[in-house]
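Read from first to last, the chains carry the letters A, B, C, D and E; within each, the first residue is number 1.
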Amino acid sequence: MTVSDEVAIQITKMNKWYGNFHVLRDIDLTVHRGERIVIAGPSGSGKSTMIRCINRLEEHQAGKIVVDGTELGSDLKNIDKIRSEVGMVFQHFNLFPHLTILENCTLAPIWVRKVPKKEAEATAMHFLEKVKIPEQAHKYPGQLSGGQQQRVAIARSLCMKPRIMLFDEPTSALDPEMIKEVLDTMVSLAEEGMTMLCVTHEMGFAQAVANRVIFMDAGQIVEQNEPKAFFNNPQHERTKLFLSQILGH
Amino acid sequence: ATLDDVKARGNLNCGVSTGLTGFSAPDANGVWQGFDVAVCRAVAAAVLGDPMAVEFVSTTGQTRFTALASGEIDMLARNTTWTFSRDNDLKFEFVGVNYYDGQGFMIPKELGVSSAKELDGATVCIQTGTTTELNLADFFRVNNINYEPVPIETNAEAQQQYLAGACDVYTTDASGLAATRASFETPGDHVILPEIISKEPLGPLVRHGDNEWGDIARWTLNALIAAEEYGVTSANIEELSSAPTDNPEINRLLGTEGELGAMIGLEADWAKKAIMANGNYGEIFEKTIGENTPIGLSRGLNAQWTEGGLMYSPPFR
Amino acid sequence: MSDTHAQTVAFVRDTMVEEQEPPLSQSGAYKWIHENMFSTPLNVILTVVSLFVIWTVLSHLLPWAVMGIWDADSLAQCREIRDEIYGADASVACWAVISERWNQLLFGFYPPELYWRPVLAFVLFLAAIAPVLFASVPRKALWFSAAAPFVLYWLLWGGSLWGPIAVAAGFALGAVVMRFAAPALGALAAVLLAIFVPLLYWFTLSGPLAGALNAVIPLELVNVRSNDMGGFMLAMIIGVSGIALSLPLGIVLALGRQSDLFIINKCSVIFIEVIRGVPLIVWLFTASLLLNYFLPPGTNFDLMLRVIIMVTLFSSAYIAEVVRGGLAALPKGQYEAADALGLDYWKSMRLIILPQALKISIPGIVNTFIGLFKDTTLVVFIGLLDPIGLSNAIRASTDWNGIYWELFVFIGLCFFIFCFSMGRYSLFLEKKLRREHR
Amino acid sequence: MTTMTDPPGQGFRLSQLIYDTRYRSLTIQVVAMIVLMLLFSWLVSNTIHNLQTLGKDFDFGFLTQPSGYDINQRLIEYDSQSTHGRAAIVGILNTLLVAVLGCALATVLGVIAGVLRLSNNWLVSRLMAVYVEGFRNVPLLLWIVLIFALMTESTPAPRAFRGDTPDASMLFDAVAITNRGVYVPAIHFASPFFTNGALNWLVVLVVLGASIFAIQRLRHWATAKQEATGDRPTTWYLILGILILPTGLLMLLMGAFLDMPSLQGFNFGGGIHLRNSLIALWLALSLYTGAFIAEIVRGGILAVNKGQTEAAYALGIRPSTTMNLVILPQALRVIIPPLISQFLNLTKNSSLAIAVGYMDVRSTLGGITINQTGRELEGMLLLGLFYLVLSLLISGVMNVYNASVKLKER
Amino acid sequence: MTVSDEVAIQITKMNKWYGNFHVLRDIDLTVHRGERIVIAGPSGSGKSTMIRCINRLEEHQAGKIVVDGTELGSDLKNIDKIRSEVGMVFQHFNLFPHLTILENCTLAPIWVRKVPKKEAEATAMHFLEKVKIPEQAHKYPGQLSGGQQQRVAIARSLCMKPRIMLFDEPTSALDPEMIKEVLDTMVSLAEEGMTMLCVTHEMGFAQAVANRVIFMDAGQIVEQNEPKAFFNNPQHERTKLFLSQILGH
């Protein structure tokens, strides 16, 4: 688990509004290759919005986002390039219900990366094995449990061989027994050195694998630090309040 | 029986056309007027004593027979042609003929057509559910010429289509053509071709199976015709019926002699009431469609037999 | 874990960033217009095309409609006025036909001096459905809703008030029988009895009873014949009675279709499918051509009544499907809880299942009603004078021969206003139900 | 293992018919059956009795009698000497024709309007809302009548095309729009293979079918290639070529030429005559049903979770590919069942042909035939049966489809 | 808490199939008046099915069930009799949402027992007080919390003055805070000597009030014993496995 000096994501003075509502304010963030960052913060603080800006699911209105050396703007080519290099896992999995697990995993490689079908399937099976559900490959998403579906969603992203992975509360829609299996998968990914940005409230996970924890409130980054320091010695008032709430629970 | 129903109901349900000037159409006050309407009023007068006790049901060519068969109307007086199959297959009983007619064609003058034989390729408006559509098919087939039929529900609709030029020719009974043309803004721009391609004896009809009711309708119509023949008019009827005259036929007709009324289950003066409703056949004709009306039909075949026409009532005896 | 960057990344914000206004290009009318009309080349094309379409339609329609002539006795006079004001080439509407025949379009040939009756009936009707449609109206008002059909009938057709009262008494009789027979005989037998006794009463007693009562206290209104009713009033009568009457039948059919009893289930399914498989217009023709064949010789009633019967059967099939949806939407637990409390089938239906299922079904019923209301125009083909039928009659008169658009536009507009607002109401209900049920 | 036995010592008691769950349902059903049978036999006996009083019988013999009337639009040979049965078939074909045309156009209109209603162009989406609400909330009959009136009143009569300086002229010298309908050029063959025109068309159709088959093969090949190499070859120009060239060549070989409509006598002759009645009915049905379909399409697209699009975008899939591979397949499952019931409605609504004098099955079999023969019972029965069979067929197709696309769930 | 010798429920060799699936196999069970029985077992073992057979929400196909001396068969009168004597509380409460709490409680007494309305309301208020929510009587179920709803469901059953109460996982759909209030209500019922059959995984409750714990697996009663012995010294392999899982959790 080494962090290189190479910059994977560079966000400078990024601002975003929904109508007149100022959701993201002066976000500055540098993520190095191999870093694993956990983003925490109260609901509505703009966590999802921020990571969705990184692969342009939302448009930012001011400032600059550079991913892997490519600046995100309205240039469609850049967007396509970045999207195929940044994987994303959603809270509600968003698997394609009309396709089998295998087809879910091969769809993007075949149509975006133009990988031959055979090869795409081989890759897919490899990642499905990694998330420990190769035997479900020919079932449909509706036939799997929530935890299994989330693992498929991770495998599906991995099939695009992304250099960066974004997770938006990947476990919050799951039953407690299933949370563990998904977190395990994420830990093993982290161990392989994947650059990861993860919005989560699983503080155990944060302490175990994160290089850095970012705390957001009211659309801004309020505090960031390495996990140990962050949890044991929060500086900002809001961070303290927040931590007391979620840890006391 | 129909007679009892009508008496119990207190009015007569009579089917008429949806609107054909001179034959049946409501006037500005919503009161139905016309040649066919007069027959209904005469029957109502004979049966109920009140010529206004009629409920008019407007029917199209297609709905008229079912309206009659289903009992919705008690009699149909809607320029309907007496044919074999209507009598026997459709199970109706024609009670007589109140207008001898034939099918004709109307066409704008500007087309310069003078004979029906020149209509090759023409578009022809016809009312569906009529004998005209059958005659038309026969006529064109026999003469080996083409045409394009445009089927239409009502006379009003047909008139509109014809005037808009959606069809070149309108065909129906010659009387109907005259009535339709009379309501045009410029009747002079349209000609009725000389060919009459069929016989169309038009008359009122009732359902099969209730002879009593059929007889009432039949003899009411005959009474109107006979009245004209004997010179009984609405002007002199009060006088003629106040006391027996020296003409026994008139006496029997007006109920001052004999028991004819009782024989058909009506009051003795039934025929008098029927005639008083709108006058005798000749008077009705003159008032509604005669030469002094906009429609301007001459008596022609419809004159009394004594005058060389076909109107001939069997004797009241 | 690598700490190489730990020191460099630690960051604590000391001053919070204040909320700022979005950049100018991101707000206000400029952004709205840009985003909503000109964001891409395709969008620009669409906008231009739409503007063109709107302009074409309005530039033809508006002057025609707005400059229309409201005061004339006939089309010819209308044209004269037009020639005077605008010149002979102008194309303007002749709304005079509406102002002249307005009453006819609303009431058909209903006697003008009695117009107050349908108007009053309409007001009463609105009052009667209010408790059904809006939950906020006190429940007691439902009694008035139950009585309304009889009052409305009496107002519209006239005759003796005792007739409808005697008929209503039959229903009351059924309810009484149900109440007292159920404990003694069991639900099934009681239901059968509660159907049979009122029937017997209607066929034997109710007529003479009404007659006798009327002789004692005459409460009569002038009779008006169905033939004289027309226009929107006719459409309302057919639509409303179709829905109101088909509701009980539809519920029975829906229950039948949900039933496990093979024969009952299949009969309901066949009835529903047959009715829905054949166009309404064919059913209307059946009503006018064939119904008399199926009834005992000599029965011969009003075409309007026959149409109402047919429309009722027709809409009951649709209502049945709507109610079935409502029944299916109820969780199984409701049925089980009712069973577990010891309620029998009829009681659980009446007290637990139907009240909930019907509430869910109201939007669907309203939509069925809209469809039915539009379909009432089909009665023109069997000779009833609905608004379209009346427009034909008006066009056939010499005064208005040759007028089209004004009538059609007016009738269409009336239908639109009515159906559109009903549609909105049903949408509102759907949203409300979704909120309540979640 | 024991089997269920009746409580010991109790034989069958009459009260069990009502109180025993095993017999109770039987009792209810038998009672229902008896009531139904009684009702049914009452209706039948009434009918028999009524028919007797009227002196009518129940006989389908009229179907083999000559009809005596002409039908203007006929897809098969028919003249006034043909039988009533054949007239009914002509009517059925006309009904099917307008239904098929209507379904096709309604789908196109509906899809366009539905998609445009979701457009982020405010003006366009409002315009489509006006279209949808306008058509949905006004009776279809009124639309049919309006469109028919629009066509007869605002188009010139054929005679306006006549003379040296005619009031009206043909579009491109090929299409004449008149108040009797639209005349368009027809294709005829100068050196046909068969003397019978229909057979020539059959040949053309066969070749066209073969071309479509070839296109299918081509697309298979493209898919296979994509699976093997990852790249999908561009095929649209090949497809276009295969579609047009063979058929075009064949038609040239057969001496195809355009038969232009031209004024002949009272009317235009030559070409194909699309009657006003057909066009008005077709347009009205399509516009009306299209409004409903637009709502269905809109609902279907909205029913696909926004997350699906986002997931596809996040994977780097392009919007157009996302539409084809992710949104449409899911939306179609939601769209197609109600779409088919709209087709059913359209087909049933085509019976409103009566308003414009279009000769559908209701007008021939259920109209003129009944009127000329007085066989209303038989005629209405056949007519009802026809519609019923048609709806059952269509809903049968729908059920098969529903079963085949049902999402697999746990 | 006394158990009489009188038999309340007697089940002998009861079998039930769903289609070809044999859900309940040779169930034998005798419940005495005043006994409180807890039924446990893995999911799908047939617990719900068994207690639903007791008031004929499900039909059994072989064997005999006698409740309070009345045999459950196809005779409707017997079914009605038994249902009005056996109260049942469901996992998802199944209150009638269109009726107020009070109406929920008086419905069955009025329509089944033919009790006058006044009297039924008095009884209902009495039981609502017992479950500690008399003040909610005029609200609708949708306005109450889950725990309150479940207590209303219990009160509704009690209003029929049942001699036996069946509970099917009454607390499993509740949030943890609410479980306690419902369990308290049940304990107080138990203390009054109500005959109770309760499917539950609340082992604390079982130990506190049950006379007997029944363990089911694969449609059969695998083991039964008094609670202390059952928890401390399970005999059967499956019971041990099951206990280790739920207690270890």
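One rule holds for everything that comes next: a contact is a pair of C-beta atoms (placed from the backbone, for glycine too) under 8 Å apart; a residue touches a chain by one contact, two chains touch by 3 or more.
Please read these numbers as outputs of a predicted model, since none were measured by experiment.
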For subunit A placed onto subunit E, the superposition rotation in degrees, Cα atoms, nearest 5: 160
A-D or C-D, whichever has more C-beta pairs in contact: C-D
Distance-maximising chain from subunit D - centres being C-alpha averages: E
Farthest-lying chain, centroid of Cα atoms versus that of subunit C: A
Middle chain, criterion being Cα centroid separation: C
Subunit B-subunit D separation of Cα centroids, rounded to whole Å: 43
Centroid distance [mean C-alpha coordinates] between subunit C and subunit B, Å: 42
Subunit B-subunit E separation of Cα centroids, rounded to whole Å: 84
Separation of subunit A from subunit E, taking each centre as the mean of its C-alpha atoms, in whole Å: 46
Shared interface positions of subunit B, touching two or more other chains: 66, 69
Interface hub residues of subunit C, defined as touching at least two other chains: 289-290, 292-293
Contacts with 2+ other chains: residues of subunit A: none
Pairwise chain contacts under the document criterion: A-C, A-D, B-C, B-D, C-D, C-E, D-E
Touching residues (chain side subunit E, partner subunit D) in the complex: 13, 15, 26, 61-63, 71, 73-77, 79
Contact set on subunit B toward subunit C in their complex: 5, 18-19, 25, 30, 55, 57-60, 63, 66-67, 69-72, 154, 156-157, 160, 163, 183
Subunit B - residues contacting subunit D, complex: 61-62, 65-66, 69, 85-86, 89-91, 110-111, 119-123, 128-129, 133-134, 136-138, 140-141, 147-153, 161, 164-168, 207-209
Residue ranges of subunit C in contact with subunit A within the complex: 1-6, 9-13, 16-17, 19-23, 26-27
Residue ranges of subunit A touching subunit C (in the complex, touch as defined): 1-3, 15, 17, 19-20, 22, 25-26, 32, 35, 61-62, 211-212, 218-226, 229, 235-236
